[in-house]
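One chain, chain A, appears in both complexes that follow, with chain B as partner in the first and chain C in the second.
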Partner chain A sequence: MESSVATPPPARPPAPAPQKPGKDAVEGSATWQLSDRIGLAICWALGLLFCAIAVAIVVYLFLQGIKYLKPSMLVTPASAGFSESESGGFSDAFVGTLIVAVMGIAIALPAGVGVAVWLVEYGRPAGLARITESTIEAIAGIPSIVLALFGTVIFSSTALGFLSRTSEGVVFGRSFFAASAMLAIVALPLVVASTREGLNAIPQHVREASYAVGKTKIATTRRILLPAARPQVATGAMLGLGRIIGDTAIIVVLLGATQNFAPVGGAFPLNYLRGAGTTLTNFVYEASPTGNLNQPQKAYAAAFVLLLMVLALNAAVDVVHRRARKVGTWSS
Partner chain B sequence: MDESYPSEYGPKWSDQRAGRLLGALVCAVVGLLLALIVTVFIKAWPSFAHNGLAWFGSGGSVEEQLNQIYLSGLSGADYVYTFHGWQLIWSTLLITGGAVLLALFSALFVSVFIVEFAPEWMRDVLQPVVRFLASVPSVIYGLLGVLVIVPFIGNHLVTESQKASVAGVISLSGYSLLAAVLILTVMIAPLMVSIFSDGLRSVRPGWLEGSLALGVNRWRTTWKIAVRTARPAIVAGTVLAVARAIGEAVMLAMVSGSIAFAPNPADGLIFIYEPSRPLAPTIVKNIDSLGSPPSNATLFAIAAVLLFSAAVFSLAGWVARRAMRKYGATA
Partner chain C sequence: MELVTPPPIRRLPLEDGAVATEVSPAPGGFTAARRSISAPQFSIRRMEIDDVSVSYANREAVKSVSLPVRQGEVLSLIGPSGCGKTTLLRSLNRLTELTRTATLRGRILLDDVDIRLIEPTSLRRRVTMVFQQPNPFPMSVFDNIAYVLREQGSRRQRKKALEPKVHSALQRAGLFEEVKDNLDHPALRLSGGQQQRLCIARALAAEPEVLLLDEPCSALDPQSTQVIEDLIVKLRDDVAVVIVTHNLQQAYRIADHVAFMYLGELVEYSSATALFGSPREQRTKEYVSGAFG
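Up next is the complex of A and B:
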């Protein structure tokens, strides 16, 4: 008995050096059953398929764009003509996209940041906060064609007649104001979600420090929280911009029906903004074989310009993300 | 205003006033949504009231009915509202269902791949790719569909004998269910992937390590533990994708065939080559008839159906996520 207790414990093997989580640390698929390996193969195949689709879209549109896009198209308005070479360019559509983007985000950004600030910093009464959250989620789920129809009701009312063309008491309801306002609703949930994420990531002690030196809630928000959340606000704005310039249904319903600016009476910028117009998405839609113009070459050219804008926005989001990561996160 | 407040700091914002202002903004947003819902349903009411449940039934040609509705609005006196939308609804079900199933399958595998199995370089490629695919405007997908996919299907996949077999009913030119489902899949799968992978990343590492320590290999651990735990995120992503698919109007107006027709799976595989037109594109295609009151009501009725089904799916998703709260992962 004594001796058995006294038996020294078997010598422990020396503790293995902590493994670096490198290639060797991860179990390979060689030991897996066949079914598991087939699953992994499906993963690879689908992943590569996604890449192939993205590459195909970009390369194909680049090739078509380089073939058909002439710089003159960006400065020549569309005109009636029998062939693609006679019917001008799409300058009005290009400028229209810029106008809609600026006006849409000018509405969506302050509104979205305001809603996000209220949700994170105020949020009382709690019932209203819950309702607001569901509202934002619901708005994100509304099809844009439904928003467009809703827009026709709002902007065809006589009370808002000053925002679009009116003839003999009938409000036309199609204008840059109408389209931008509805597009702002499309962008709103993205701005709210991103800003909220940014505000939530700021630890509580930052707020407490600000309150401790006598700052009010709104001063803290303006001078400390929003500047700190600037990368996320910018990301939200750019995601929103992407949705705005990519939307077609709202443009077709609330702006389109023409490929040129149709200014109405009034002082300079207002006469254009109150009139109907077009954007690149609308131009692509109408110039595709299923549209009214049927000019596929120009549709490719316009789609190429649109794709370049989307790629630029994506790259900008990437840059903001990377810079935000370099600055680092809060220590908590 | 406080006298001691130095004026060089700019105007002082009263905290209460700011809170009330933001509260008013929030109320305005909520009110806007309510106004939208109420407006759409009020505007849609005449169409539903005249048709009753037959609105959702089948009978006659939708194109003919829409035309009659439009013309009756121009003449003034007797508005015609008769509308049987089954062909449009069936097309919506087929296209949305097909695309969501395909997208769910591929998005699950791709997000598992991104989170768990892809090597570092592949991950760095795939994430921007997914983000890019999600941000391509639908009209570009539509254009590529019309000019590339549709002609390919029409010229290479559909055989002459198939075209001849349905020649009296419908023409198989490539505008088809197949084109619509494939392109819609590419459009909604990236949305799913980004939400699924967020969910998979938020699974507690301890649960995975526990499974690995029991000798379960990484593949099975991922599917049995991570994917199951991330089910709320999977539901959330699917609901979002369904909403997007139901509401997609422009791309489908371009590639699905722009003719109200109900492809019948009982006819064999040929039905995937048949054209159809879902609900949302019908609004886009008939937008010029908004000026005719009965047409207006009919289009708003279609919008109301879209809105209602989107809401039902969100609600179902919310219920499903509540039931799964015990799994710990949040969506």
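Up next is the complex of A and C:
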């Protein structure tokens, strides 16, 4: 780029008058081959189709949700009744969703970030790192019902009896602890993948710049790398939360899918957390025409709440990335 | 002084429609370039590179190089790409050790102590480095400097207590006047030249004895380059400065001593005027006259 003997550059033709940005400035597809134009049309059509599907789902659920959702449903527990007006709301399911979301991500986030930091920043011995990598990929591919089944084996063991209801030496293995732990495993690969992506995007010279002022690897990771990867860590957490909120299989198998909280004995939060319960996804299933409750109106209302939560997560990811853009990044 | 062909000039990308007005360098080559550095007032030997070889796996990148590094002077390492100058620079604060395959033979002394006997973290506070790409940390301007001043890992140290040191580091890097009202702004929002001066301020905040600069201006525009060159010349009395550069005219402008490396070997080491004016070695003569590189 620099060390070359100077020669005067060839005279340039006068620059064309700057075009006004607008339709004329964009290359039209009219000159393309027919097959290219057909391909473009298919891409357009598919893009529009998926937009239409997404919009249809959101709009339909909004309309149904606004029609059927009453704020009182969020604070009234479900109760036995013959008609939709008698059977109460779904407060227990709503709170249950919040509990598994908080507990699940509280396990998955630190564990996932830790694994990602180890993989990217240390990764020694290399063989172990490779095994860890493929294990996590494998977990990402395991259906949650299989994880749930595996969870029953673990949490029904007597050693873990303190985490769920135990009656005459039989451990039920169904509790918020058990469900959250397995849901954390569902969320873990997303947190790991996203955090790794964030760490890998940091140029090597930034790490070296920190070492070059006498900082240790730990200090560099804590003060420079993790803050720099924060948007991706947050994205991973949000995606993980979405998976936790949306999972049904683990709830049915490991949370008991009772319609109300079923606390066991003990001090306040623990009695609920050790007991069975339900979440919105399970409530939607039960309230749908195929479920035991068959209350489609409430199913729509609960699904609407679920949808709002997922949309809120998406918006949160957006906000995090917008903030990160304000801080700026390194020119490569 | 005999220069066969005119010395190389940096070709800058021309904007569309721009007309190159000044294309040929003044005849006479380097004598026409402005030397912005005067003769050193004093010089104290701080580092001694003694028969150092560095290899990556089986490839030897630096071959038995011996050089002094003196405070009060600017030492410039020049040479074509891949000649080992950056590797040599990185071995001065043991950054080469981060590359797993790298091995170093020979000794490097800092104030007569072998650097292998100094803990890497404390060595790197005494021999700090500025990189080719500006790389401020993704935090505020203030925190970039404060990060260096704080103990390992600790987050909160009284901001007020750090303020004087942060300000003085920014002043030494000639950045304080430009950023004094915006110390809380994200550092990555500064211009490229300001970012690089922030990196220099960061390197100076550790109060080092030696400052290593690895092509600090190669990503910058000419104005920013000049600001940083002036800064480097000013700094040489406080710290020993070693600068790796691709840009021969830059080396001529700011260096007291120049070491020309080629294929891992130190070909010639002498004062800048001697090396550019009357090189002893044929290869040096060819390189500085632009015959290759």
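Things worth noting here:
Just so we're on the same page, the second predicted complex is superposed on the first by the 297 of 332 C-alpha atoms of A that agree within 3 Å, B and C clash if a C-alpha of one lies under 4 Å from a C-alpha of the other, contacts with A are read in each partner's own complex, and residues count from 1 in each chain.
The working rule: contacts are C-beta pairs under 8 Å (C-beta built on N, C-alpha and C of every residue); 3 or more make two chains touch, one makes a residue touch a chain.
Keep in mind the model is a prediction, meaning the values are calculated, not measured.
In the superposition on chain A, A:I66 makes contact with neither chain B nor chain C. Touch criterion not met for A:V319: it reaches neither chain B nor chain C.
In the superposition on chain A, A:L40 makes contact with chain B only, not with chain C. By the document's definition of touching, both partners, chain B and chain C, reach A:A219. In the superposition on chain A, contact of A:T248 is made with chain B only, not with chain C. Judged by the touch definition given at the top, the superposed model places A:E208 against chain C, while chain B stays out of reach. Judged by the touch definition given at the top, the superposed model places A:A111 against chain B, while chain C stays out of reach. Contacts of A:V75 after superposition on the shared chain: neither chain B nor chain C is touched. Of the two partner chains placed by the overlay, only chain C lies in contact with A:P227; chain B stays clear of it.
Once the two complexes are overlaid on chain A, the chain A residues touched by chain B in the first and by chain C in the second are 216, 218-219, 222. On chain C, the positions that touch chain A within their shared complex are 5-6, 8-11, 14, 16-17, 19-20, 23-25, 80, 93, 95, 98, 120-125, 128-129, 131-135, 137-139, 147-148, 152-153, 155, 186, 188-189, 192, 199, 202-203, 205-206, 212, 219, 246-248, 290, 293. Across the complex, chain B is touched by residues 26-27, 29, 31-32, 36, 39-40, 42-44, 46-47, 49-51, 53-54, 57-58, 60-61, 111, 114-115, 117-119, 122, 128, 131-132, 135-147, 149-150, 152-153, 185, 188, 216-219, 222, 242, 245-249, 252-253, 257, 281, 284-285, 288-290, 296, 299-300, 303, 306-307, 310-311, 313-314, 317-318 of chain A. Against chain A, in their complex, chain B makes its touches with residues 13-15, 18-19, 22-23, 25-27, 29-30, 32-33, 36, 39-40, 43, 106, 109-110, 112-114, 117-118, 122, 125-126, 128-133, 135-140, 142-144, 146-148, 186, 189-190, 217-220, 223, 240, 243, 246-250, 253-254, 258, 280, 283-284, 287-288, 290, 299-300, 303, 306-307, 310-311, 314.
Interface residues of chain A, counted against chain C in their complex, comprise 1-9, 12, 14-15, 203, 205-206, 208-216, 218-219, 222-224, 227-228, 326-332.
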